[in-house]
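Chain naming follows the written order as A, B, C and D, and within any one chain the residues start at number 1.
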C-alpha cells in the first residue's frame, strides 16, 4: 500500500502513520518527493485498512497496490480451472451452451424444452423455479413443484440442470433434488449470507454479475464462496446497467478477456438477459464466444409467444439450432470446439 | 397500455393482439395514424404482460401508461404518512436526524456514542451489528452480541434503534431485541424473499435504495413489503453509482422531491455513505434537508480515527452538534422543524 | 404522439390540449380509460413539441411513437448503404479493417506504419494529425505538417486516409489534402456547428459515438450531417462510459445489431479506444466482427513502446497480422469476407 | 508517480523503466515489497506519460500521485477567486442568482423577462441566442438578431448578460455585443479548440460540466482556458447522465463541496437543466445553495406554456420571486447573503 501525505502534513503526522503501519507488522519505505512524501508499506497489505489510514491527520490518500482477492486470482493459480458437471467439462477447450426456458411452467413445456435443448446439441439445461420479479404482483415461479418438473424433464433427456437459488432456506431442497449447478442471480451477487451458504456445499455455482458490480466487487463476491471451501465457481456476465435505454442492459464483452486474465475460473455469458430481445441474441452470442467466453446461458422456449415470463427474449428451437451452427464455426476459428 | 403496431403489421396481426387484450378482460380503442396503428387497452392494465405483447408478431412496442405500484403510491393515498417510532414521528413537519456509529464495536464505544447522539439532540440511534462487507476477510460485525450491546446502550439513553437485517433467519432475533426500525441495505433492496419477510412483521422498515436502482424499481421493492401488510416503510437515498470516481457515490438529491411526489411515505437520506468522506457530510446533509428530506441517517463515532469500519466517513460528536445547528436553521426556512 | 392526461385533469384542460394539437395540423383520437384519458395525435408528430405539451395544465406526459430521425433511418431506406472510399467499399459484404497509429509523429514512423498496414492486408489507413487531449499540456498533434506526412506515406502505399477533424476552420485544409474519410471524434459528436459543416461537403464521415450518447442521440447527430446533404456517414462505436474502472470504456457490442436494424448506414468499431489496452484488442475485435460490424478502426504502431500517445493500446505489426487471420475466419462463418 | 512492476518483472525490465524516468529529469526511489517492487518517481511527474510507462515490459500499472491541473487548483491559490462582472461579484460571500429564459424569442418576451429578472432581485440575466438542439429540425435559436434583442432588453434594465457560445467563429460577434459572461455548454466542454479561443479573451467564462465528465476532466477543461491566460472561469454543475430515467439528469450536489476544495474558482449550479421539470427546480435550487454553491442559473419565462424551447422547465415570474425568498433564508443560515 502507498500512503500519500498531503503537502501540508507535519513530521509528527508522518510518524503517526508510520507507527500505525508498523503496528500491523509491516515495514515502511519513505520517499520524499518534491511536492509530496509517500509511505510505502512493505508486507501483507491486506492487513491494512485503507479507510482507517485515510482518516488519519495529514493523509491525502491510501492506495492499494495488490488485488484484494486471492483464491480466485490467477496470480495464485496459473492453470485454467475446468469444472466437471456430471461429466460435462466447463472451462477448458470445449465451449458449453446451456439452454432452456426462463421459467418452469408446466410438465409438457419442460419436456418439450428438454427435447429441444438436447436436439440442438446442448449438454446442460437451464430453467427457473424460483423467479426474482421486479413486481410482487408478477408470477413468482412454480417453486418446489417447478423444481420437480424440471428434474424429471431433464433426467428423461440426460441433462444436468442449472437453476437459481434465491434464499438460503431453500438450499436443502436444491440438494435433495440434486441440482447440478446452483445459480446466484444478479440481485443477490452481494447477498453475502447466501454466498457463504453456497460456499459450504460441494456443488458448482454460477455467479451472475450484479447489475452495476465492478469486476473487483464481482471477484470479491466469488471470494466469499471460495473462502467457504467451494472453489467450483463460474462467472456469468449478463449485461450491466448504463444510461442507454434502447436495450435492457449493455453486454460487457470486455469483461470476458479481463476475467480470463484475472481469474482461473470459467467465464460464461447470458446474452438473453443482456439485450432483452430475442433478435439481439444471435449477435451477442457470437460476440461472446468470439471474445473467449467458456459458455453461454441462452433462453429458449418451445413457444416463445406463450412464455409466462420474458417472452420476448427467448429463442425458439429452430433459432437455437441455427445459432449453434454459427457458434461452432467461431469456436473453431479461435481453437476451441462445441461438440 | 398503448400497443404500437409496426408500420408493416397486417390486419390479422392487429386482430390477434386485440384478441389477447380482450382475453384479459380489457377493452380496446384503435387509433389508425398516418404511419402507425395504435391499440389503447382500456381497463386494469396491470393484468397485461408487456413482454408477452411485445413478443407477438407485428407489435413494435407496448407502453405502460399507469405506474405499476399501488399501495405506496401517492395517487391512492394523498396525505403524507407519519410513522410513529416509539413516540418519535417520522414523515411529518418534524425532521429527524438519526445518528450513531457505522458498526457496533464495544460496550464502551456504544455508550459514548449513545450519549453523544442524545447530546446532539437526535432522537433515534443507528448502528450495525451485522455488516455487509465487500471482502470476506473484513470485519463482519459483532453479530448478536453487538445487538445486545446496542440495545443496552440505547436503552440507557432512551433512544429507539435502527439496525440492518441481512438474512431472514435473523428476523426473530431482531424482534426479540425489540429493534424499533429494521434497515434493509442497498445490496438487499431486491432480495425479494427478505422483503417478503419484513412485510409480515409490524416494525418500521428503512429501505435503502439499491446502488443502481431506478426510482420505479425502488418503489416496487417497497410494494413487496407493503403487499405483505407492513406499510411502515421509509425510503432512504444513499447515493447512486455513476462514472465519477472522486467520490464513492453520487447523492441523488433529485430523488427527494420526486419520491415526495410519487409516494406518501417518508424519505430520508444517508449523506455518510453517499460521499464516503466526513468532510463532505455537512454539505450533503444541508442539501438533503433543503431539498425536503424527512430525516437523515448520519454516521458519528466518538473517535473516528479508531473506528473499525468506514473510519473516514464518520463525524465526531462536536461536528454533529455543529451540523445540527445548521440543519435546524434550514428546516425553519422551509417551514419545518428539528427539535 | 400519445398525450396522457393526469387523473385529475378537467374537461377544459383536455380541450385546450386538443386545440393545441389541431393547431399544428394533426387530428386526434380520444381514448377514455378507467384511470386516465389519452389523446392520440394523428399526423406528422414531428410537428409537436413534447416539452411544450407537457407544460400544459392537466398533462401528465407526452410520448413520442415515431423515431425522430428520418434520412438515416432504415424505415425509409431498406437497403444497406455501401460507401465507396476511392474504390474500397464499406458497408457491404466485405469487412474493412482500418489501421494505423494513434498520432502522426515523424515521416519515418508514418512510412513504417503505412507499410505495415498494407502488409497486413488492410485497405484503409488511420492516423491523427490534430489530437483532442484531456490536458492542455499534452502533445496536441503534429497539425498541418502531420497531415502532409500522413498524405505522403499513405500515397506511397496506395492507402486512402481517415483522420480527425476537430475545428470547422480546418475543413478547407482537409479538402486540400484530399482526406478520404473525415473522422468526427467522440467529444465532438454533438458539436452541431461542426456537424453542419461536414454535412455540406461530399466526403465520407466517420461519426464516433459520444462517450455517453444514447443510440437515439447518435442517430440524430448523423441526421444533422445528412440534413446538410452528405449521406456518406459511417457510425463508429468506441466504448461508452460506465461505472467500471478496470478498463477505460465498455465496448457496447449490442449497439452493432441495434444500429444495423435502425439505420441503413455502415457501422464500424474502434476496439483500441474502447478497452484502452493492447492485450484487450484482439478479443474485442473478434467480438465486433462476430456481432456484425462492417469494419474496425484498429491502432497499430511500428514500435508501440515509443508511441507519443496512447502507447499502451497499439498493436505491433505482427499482432495486427495475426488478428487479421482470426477476423477473416470469423467473417467467413457469418457469410462475409475480408480480402 | 508510482510505477508498480508485475510480480514476474525481471531486473532488466526494472532498470529499463528507471532509465526512462531518469531521462525525463526525475529521480527514483525503489521499494522492494514482498509481492511487488515499486518505483517512486521524484520530481515533476507531469513530465511522465502514464500510458507510455504502462506500455513498457514488466510494468503492471503507473499511478499519478499529483493532480494534473495547476492554475485552477486551490493547492496553488488558496484564496477564493471573486470574479467581477460589471460590478457584480461572483465567488465571494454574496450568492448570485442568474435568471432568464432558455432562448431568446422576441423583443417583447425579452423585455418582459428582463423586467421579471430585475423584479425578483437577480443581478445577472441569462438567455440563449444560439441553441444546441438534439434534432436538426428543432428551433436553432434566433442567432445574431437574438443577441441584439437580448442586449437591448438587458441594457434597459441594467443587467449584465450570460449567453452560450457554440462556435469559435462567433466569438468576435460576442465581443462586439459586449457579452459579459460567455457560457460554454455541456456538449462543448471538451471542444478544445473552442476552449483555447475563449482562453485568449478577457471575458468571464461559465464552463458547464460535460454530461458524463469526471471532476478531473472538468478541471482539465478549465485548465485549457486558464492556460490561454483567461483565469475568469466559473464552473457550472448541470446534472450528470446516469441510468435513472425518471428525470433528465442527476444533479450532482457532491460536486459542489468537492470543487470548492479542489479549486479556488466559483461554482454555480443549473437546477433547470438538471431536473428538466419546473416543479423540481425549487428543491434543487435550495439544495445547491445549502451545499455551498456560489450561484445559480435558473430558467424563468414570462409565460412558460408559450416558450419555444424547454417549456416545461421554466419557472414563471411569481415562482422565481418565491424561490428567491427561500434562497435568501438558506444563504443566511450558512453565513452568506443574497442581496
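In this section, a contact is a pair of C-beta atoms (placed from the backbone, for glycine too) under 8 Å apart; a residue touches a chain by one contact, two chains touch by 3 or more.
Note that the structure is predicted; figures quoted are calculated from it, not measured.
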Review point. Measuring centre to centre with C-alpha atoms, which chain is farthest from chain B?
Key: C
Point to revise | Higher-contact pair (C-beta pairs counted), B-C versus B-D | key: B-D
Practice item. Would you kindly tell me how far, in whole Å, the mean C-alpha position of chain D lies from that of chain B? Key: 31
Review point. How many angstrom lie between the CA centroids of chain A and chain B, rounded to a whole number?
Key: 26
Revision key, fill the gap. Separation of the C-alpha centres, chain B versus chain C, in whole Å, is 39
Point to revise | Multi-partner residues of chain C (each touching 2 or more other chains) | key: 212, 241-243, 245
**Study point:** In the complex, chain D residues that touch chain B
**Key:** 212, 214-216, 239-240, 242-247, 250-254, 256-258, 261, 274-275, 279-280, 283-284, 286-292, 326, 329-330, 332-334
Exercise for review: Mind listing the chain B positions that touch chain C in their complex?
Suggested key: 2, 4, 7, 29, 31-36, 38, 40-44, 63, 65-66, 75, 212, 241-243, 245
Practice item. Spell out the residues on chain D that touch chain C in their complex, using ranges where they run on. Key: 46, 49, 51-52, 54-57, 68, 132-137, 166-169, 187-188, 190-193, 196, 210-212, 217, 220, 223-224, 227, 241, 278, 304-305, 307, 309-313
